[in-house]
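One structure is given here, and the rest of the page talks about it.
Chain naming follows the written order as A, B, C, D and E, and within any one chain the residues start at number 1.
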Amino acid sequence: MKEMKLFLGPQHPGMHGNASVHMFVDGDIIKRSYLLPGMLHRGFEKQMERKLWVNNIALIPRVCVPEPDINEMSFAIATEKLLKLEIPERAHWIRMIILELARISAHLMAYGGIGGPTGNYTLMYHAQLDRNLILDIFEKITGARVYHQYIVIGGVRQDLPVGITKEILEFVNDLESRLVEYRDLGIDNASMIMRIKDTIMLPKEVVWELGVTGIGMRSAVGKAYDIRKVAPYARYDQVEFEVPTSSYSDARARLDIKIKEVQQSINIIKQCIEKMPEGPVRVKPGRGQSMRWTVPKGHVYAPIESSRGEFGYYMVSNGGTTPWRVGVRGASYPQGLLGIEKYLPGTRIDDAALWVDTMGICAPEIDR
Amino acid sequence: MMNSMNNIKEVEDLVNKTVKVLKTENIDKNQIAFEIEKLEVHRLLTVLKNTGWIQLSYLSAIDWPDENKFEVVYIVFNWEKPVYIQVRTKIDRGNPVMESILPIFPGAKYYEREAHEFFGIAFPGNPDYEKQLILENWDDIPPLRKDFDPSAYSARKFPSREYPQDFSVKDPNNKTLEKTEERKKRAKALRVGGKKQ
Amino acid sequence: MILNILIGIGIAFFGFVLQTSIAGINRKIVGRLQKRHGPRWYQEFIDIFKLLSKRSITHGWIFDFGVIMALGGIIATAMFMPLTNNFLAFENFDNFFIFVYLIAVGMLGMAMSASGSGNPWASIGVMRALTTMLAYEVPFLIVVLTIINLTGNSSLTEIMLYQQASGNNWFLIALPIGGLVGFIALMGMLGKKPFETYVAPAEIASGPMVEYGGKQLGMLFIMNEISAFIEVSLFVHLFLGGATNIFEFLIKYFVVYTLANLISSVNGRFKIDQVVKFFYKWPLIMAVTQAVIAIYFGWVI
Amino acid sequence: MLSTKYTEKTKLTKDEIDRKWWEVGDYFRRNSLWLLMYCTGCCAVELPPSMTSAYDMERLGMGPMATPRQADILLVSGYLSLKTLRRLIYTYEQMSEPKYVIGLGSCPINGGIYHDSHAVINQLDQYIPVDVYVAGCMPNPESILNGFVDLMESIKNKTANSWKKYRDNNEWYKQNQKDALGEVIIHDEFHE
Amino acid sequence: MDENKKYPKSSIFKPLRHFKYLFKRPLSHPLDTVLTAKNADYLNKNNPFRKNKLKNSQPRTGPDNLRGFHVNDWEQCIGCATCEEICPTAAIEMVPRHDLPLVAGKLQQRPVIDYGRCCFCALCVDTCTTGSLKMSKEYVFGDSNPNSFKLMPTEKWQDHEVELGYQKSEVTDLLDLKRIEMEHVSPEERVKSYIEVIRGYSKEFAKLEASRCVECGVCTASCPVQMHIPDYIRAIWEDDIEGGLKIIYETNPLPGVCGRVCTHNCETACSIAQRGEAIAIRWLKRYIIDSAPDEMYEKIFSEPVSEVINAKIAIAGSGPSSLSAAYYLRGLGYTVDVFEEKSRAGGVASFGAPEYRIPDYAVEKDINFIKKIGVNIYTNTKIGKDITLEELQKKYDAVYLGTGFFSARKLNIPGSDHPDVMGAMDFLPITRDFARGAISLEDVNVKPSVVVVGGGDVAFDVARNATRIQILKYGKANVKLTSLETLDILPGSDDEYLEGTEEYINCFLGHGPQEVVLKDGKIKGLRVTKCTRVFDETGRFNPEFDNTQETLLEGEQVFFSVGQAPDYSYIPESLKDKVIIERGKIKASQDGQVAGLDWLFVGGDIFRGPDIITGVSDGHRAAVAIDDFLYNKSKKKEQTEYMKNVREAIKFNNPDLALKPERKRTLK
């Protein structure tokens, strides 16, 4: 049969974000496929070079929309490394709470997201409802639902509002008790198993070839390769958590890990709230008004573990008021571009969207 | 962390043994940077990959127009010995060519395409490097070069809104604000020797 | 004769109104399952009328004609549907095979039209729709043939009367395995998950309907509602002993449709090959088992 | 030049009935607005909460639709890069009339935070007409829902005429599109 | 497959457990917490069945720090444009609002926000100098007209009161409100000699201090000469001393003097001072001058200044206003001769202000540059004695008088004619000469215990000078200072008060001197009574005393520092009736041109007063006025392009009258 050409996206309900998977199919089997990125290109790296260090706070969360806090964190860490700035202890813990809440929200979005391609909308609706609660908590802490601009150079922008820790605890306990429902609807659901078991495999051997990190990699190699464990930042070395792994990477394994990571994040949040000290939350990177802050010369790469894998900012400072060069290593770059080119062929049309969901592909961070 | 300091030391020894290092920067206990010659990049990356730095985390370039150079950066990572290694090399800006590292790290394919698109660096050895990736019908110099001005480009191509309402209350005799503006302009012209911060 | 035709059209119209209302109510019910309020119950009507009020684009006469053929075919099918054991438009024309035959006309019309649009998603959708049809028809037919064999009549009214006569001995109870197969096949017919493969908005961009907008889509929606009415009614008549009055019919209809819809709402959808494999595996075996049990061994509860 | 007000072109003879029908149609149209799920920019991330249980826009009779042919509203959720604009124009032209456009967030109004970016357009209404804008970066689901009701109200008041505008001033829009995009036709490596 | 064992068993029944939610309440937000009242009203009308389903609908109220639409308190806002500057999206534009009053420290402009740009980052709130810009809890705004998204924030949003959302706190503040510590010589050390008290900023500290500036420019209007303050501060921050020097010399030819002893109204007006400590503008200026090497001065005039206009101007006096007039007239191309009665040029800078504030080398640096561009200064030439005004009128095309207030004023109270009762202006030049070494310590008449009357800066100068001389002479100090004004209205600056008290001066504020008590021909002390009121209800000087509360301040010597007086003895009889003198000052037009005598210009203390920098501005204005008066009458040589630019610059920078900022007392 003749090869037929199909587009999954950019305007396509199975595609999360504005990207397009171009597929050449024979029947239902994909023969060749590419990701067409760039629909969300805003020239981020150029924009950041042209904005002051302080102004970049407004810009950075927009690199990856579903999980903006990792951008802020990575940017802040990179700048602090250049400045050799020690930030207050409490700020570390607040940052961890924020990051883990963001991780839960991103996982819920991705986990609920498989409701789209598999048609199980109830799963999606429930996950989005819980995610919305996290956004409400974020709004209380930071003043905005999505673009928090909360983790800044030198700590966090302001202290946690009074009583929010209780609210967070209530929420995570409630979510913890309902995780089993997510399993019921998703990975323990017999009809869903048909879709997610043994599909869109990521063989162990090719992980390093692609450069995939995060859940994709951990589900294949079976080792706890998590930056939070391997090269801890913030205070991840002072909390106890496990890194769920698997050595057989199909969609089911990856989704299972996602739910397990949500559990681990809940554990981390609980520990953070318990261990968080009182004290100041922010130090200024230097004297002077913010528009005249400068950062010493240097090159630094600041990787952190996002919900999709290693996310990092490569920053070069020239000693001026603006960064000289900011490079963003989008966590989904390898699986999004090379992964789709190399490992989607051979699967079915139905599975393409699942690859996007389970591997964690965030179009804006590929395009920037 | 005694262990990680050892790792850094080990890396430093390994790299120094393999290639001639022009500059070493110790960034922190998990990161170290080496500046080396262009021709030795492949050798170093091969050695590093064989010793466990199997993950290519990042590949990109930096523009240094004052030196008339591009700096190509490779960041590799070893999950067992957690050290990020920046391998940097400077290449000529006028004729930017850097051999592809595709045979060593197949994952570099799209990074190289992107670097070509945004800086104009050629990566012979990468079959697709000249194809457009993120931009479409681009009609100017590669946008991440320092001499490209996105503001001007945007102003030229995409008009900004001119709002009809102004909110100002003006008194034609009151020139204080205009005068302040002019003064500022004058003083700005007088600034000479200062280097732009 | 004209009166009969009018009654037939009336039944089709009633079927449309009934199914659309119940679909609307079901959206609310499913909404509740998803922890929300859901739309107004008459939302489905508004949707359909809105589509009819829109301007539409054509992709050639096959595209338009196919839609009309689909709608006409389905209305024609619905005209023959008995509502209760004594209310139908055309006496003695309620043979089960009439429905099997006529419903295919509607399906084919839609297939023709969709292929006429030239959109690859539509062709894939049509292909999937026909494959699914082939998949569920075989076990369903075997069960229905078993019933026909037992009742000795293929008229729906007769089958209804047969069930009602023996003390409301519904075939769902009498032939439990067959009833289950029938229900699964019904889910397939209604395009409910996990057998929703041919619409699958997130995979193939709503499949056959990808190129429809405006009036054509409105007509397809009407067709869809009426065909759902036919399919659910068939199930009610065949397995639930039909109805002696209209209220009984409404209740049974509502229960069957709602159950199918609720099950659909918590499940994912299969891939197309899984649908075929599934129907050719369990339902087919079950249907054959049921047939063997019922016909050769005569074990009917 | 862009005429700001749509003037009825049809002759006034067949009109009264037409208009009455149109008003009836308006009732259905405004109570059943289907969105096209095209996540053009960041604001799309607030759409799932609006669509799903938390804010449940189905109460307003709205829902997501898979293809442009079926949809009534083109929701431009945030900034538009050139590459997206090209596809957005395709999409917009595929939608069947009457169709409405909503611009979410700052970016479609005047470029937002990307006002000086080389890849993002500044004013959406230069390229396709827009019925309702919702301010915010990003707008909360409440704002989005209120924006939808605004659109419903303006359909009722017969002020949501952007699709007519696009037809009447087509050349002006085409020219603008061409100015920004070079050419609207999509050429990429995959269009072999 | 083994791997699958780790998963719980899958089942077709597990998802059916979710049917329990059929019997639970929906969790979506009710529509009446989502829609605005207007939209709810529409929906009610639209609903065919329930016409009032949604009651009192209003969008959910956001949390306390919600970043909604902006509100701006116009009472507080000073139009500093810092928000415009920091806005990462260029969404904020300052528009002129000339309906606002023109006051010092405020600009007649207010921010307008383009919500087609705004990204709600709230950096503008965090950086607002006054804290007037805040964010509200309003977050719903949609419109079909794209042009309606540009809004001017006021206290209200869309004409209704709103709850405040995000506001700046100490943690989020992006300004640096604390001044960089200036190094002072310790009180113990400095009273022992005339060493300069303020050490000046090092390069590093100057840059840090400069980096606090937000470049709003509200200071400029308060500066009598309207210096380009933000610009030279920026030059410091950019480490551009040469540019800074050029910028300073545009408007002020005596930066070395002004960098030390200026009254710094600019710092009072400074926007950072709204909530914190003002930028040390004066000291930053001084930093530029101190760090500029002499050869850099040559770059201010890159071509030698030559007489291109054939007209001569005489200047009487060499105080700040005279030197300023001389400098600018020279820059405009005239021949300028300055006549000074004393042995040194500089006027108050050389004889009034104390050495520990402004050392001679600093004054000389400024004067030498003025000399270098070709101004002739004739010292020891007193107008009226060595050369009369009439002669000057004949010889020169125009005459500028900047003779200043150099006579002491004494209070007319019993005992004030005693020889040990001295006026400030009698005493200060002596101390200055002593510091220079021109007079020996014995010749300085300071008794072991001293009472100073007066609360101004000069009074502190006298007191602190007396302290130093006492310490040198007797080894210990005993200086009392008394003034009518209490601390909250003390005319002297905070710095003087603080430094003075550090230097062992006892202050008896809020007392009025009644009598110098004499005993045996020697002064025993000063009798003072409690002052209950200094100014009356209308704000006029009209002190009242409470005679029941009486104190005797013991001291052997009394200094009066209650103001200075001019000496107009040089004005010849022929002109006396033409020169109108009001309250000791000569009446003239705004630019200093005396009515009826269009060749005669005045400036400085005898015209406007009261401080050095105002004198400099008088000189500048007079120079331009003289040029206007003479330019068309005189013969001109061809000018180089460069000199034309210099001319233009001088004319352009001709200062307007300064706005006097309201002084904020930080001392309690």
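Here, a residue touches a chain if its C-beta (ideal position, glycine included) is under 8 Å from a C-beta of that chain, and two chains touch if they have at least 3 such contacts.
Owing to the predicted nature of the structure, the values given are computational and were not obtained by experimental measurement.
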Most widely separated chain from chain A, with each centre as the mean of CA atoms: E
Could you name the chain whose Cα mean is nearest to the mean of all protein Cα atoms here? A
Relative to chain C, which chain has the most distant C-alpha mean position? E
Contact tally winner between A-E and C-D is A-E
Quick one: chain A and chain C, Cα centre-to-centre, how many Å? 43
Can you compute the centre-to-centre distance for chain A and chain D, using the mean CA position of each chain? Integer Å is fine. 30
Approximately how many whole Å separate the CA-defined centres of chain C and chain E? 86
Within chain B, the set of residues that touch 2 or more other chains is 135-136, 143, 148, 150-151, 161, 196-197
Do you know which chain E residues sit against two or more other chains? 15, 18, 26-28, 88-89, 114, 116, 119-120, 146, 237
Touching two or more other chains in chain C are residues 31, 33-37, 201-202, 205, 266-267
Which of the chains are touching one another, listed as pairs? A-B, A-C, A-D, A-E, B-D, B-E, C-D, C-E, D-E
Considering the complex alone, what residue numbers of chain C touch chain D? 27, 31, 34-40, 43, 46-47, 49-50, 53-57, 201-202, 205-206, 209-214, 217
So in the complex, the part of chain D that touches chain C is made up of which residues? 21, 24-25, 28-29, 31-32, 34, 52-53, 56, 58-59, 61, 63, 65-72, 94-98
Interface residues, chain A side, partner chain D - complex: 10-13, 15-18, 22, 34, 36, 38-43, 46-47, 50, 58-59, 62, 65-66, 109, 124-126, 128-129, 131-132, 135, 145-147, 364, 367
Mind listing the chain D positions that touch chain E in their complex? 30-31, 53-56, 59-60, 103, 106, 109-113, 115-116, 123, 125, 130-137, 139-143, 145-147, 149-150, 152-154, 156, 159-160
Chain B - residues contacting chain D, complex: 131-132, 135-137, 139-140, 143, 148, 150-151, 153-155, 157-161
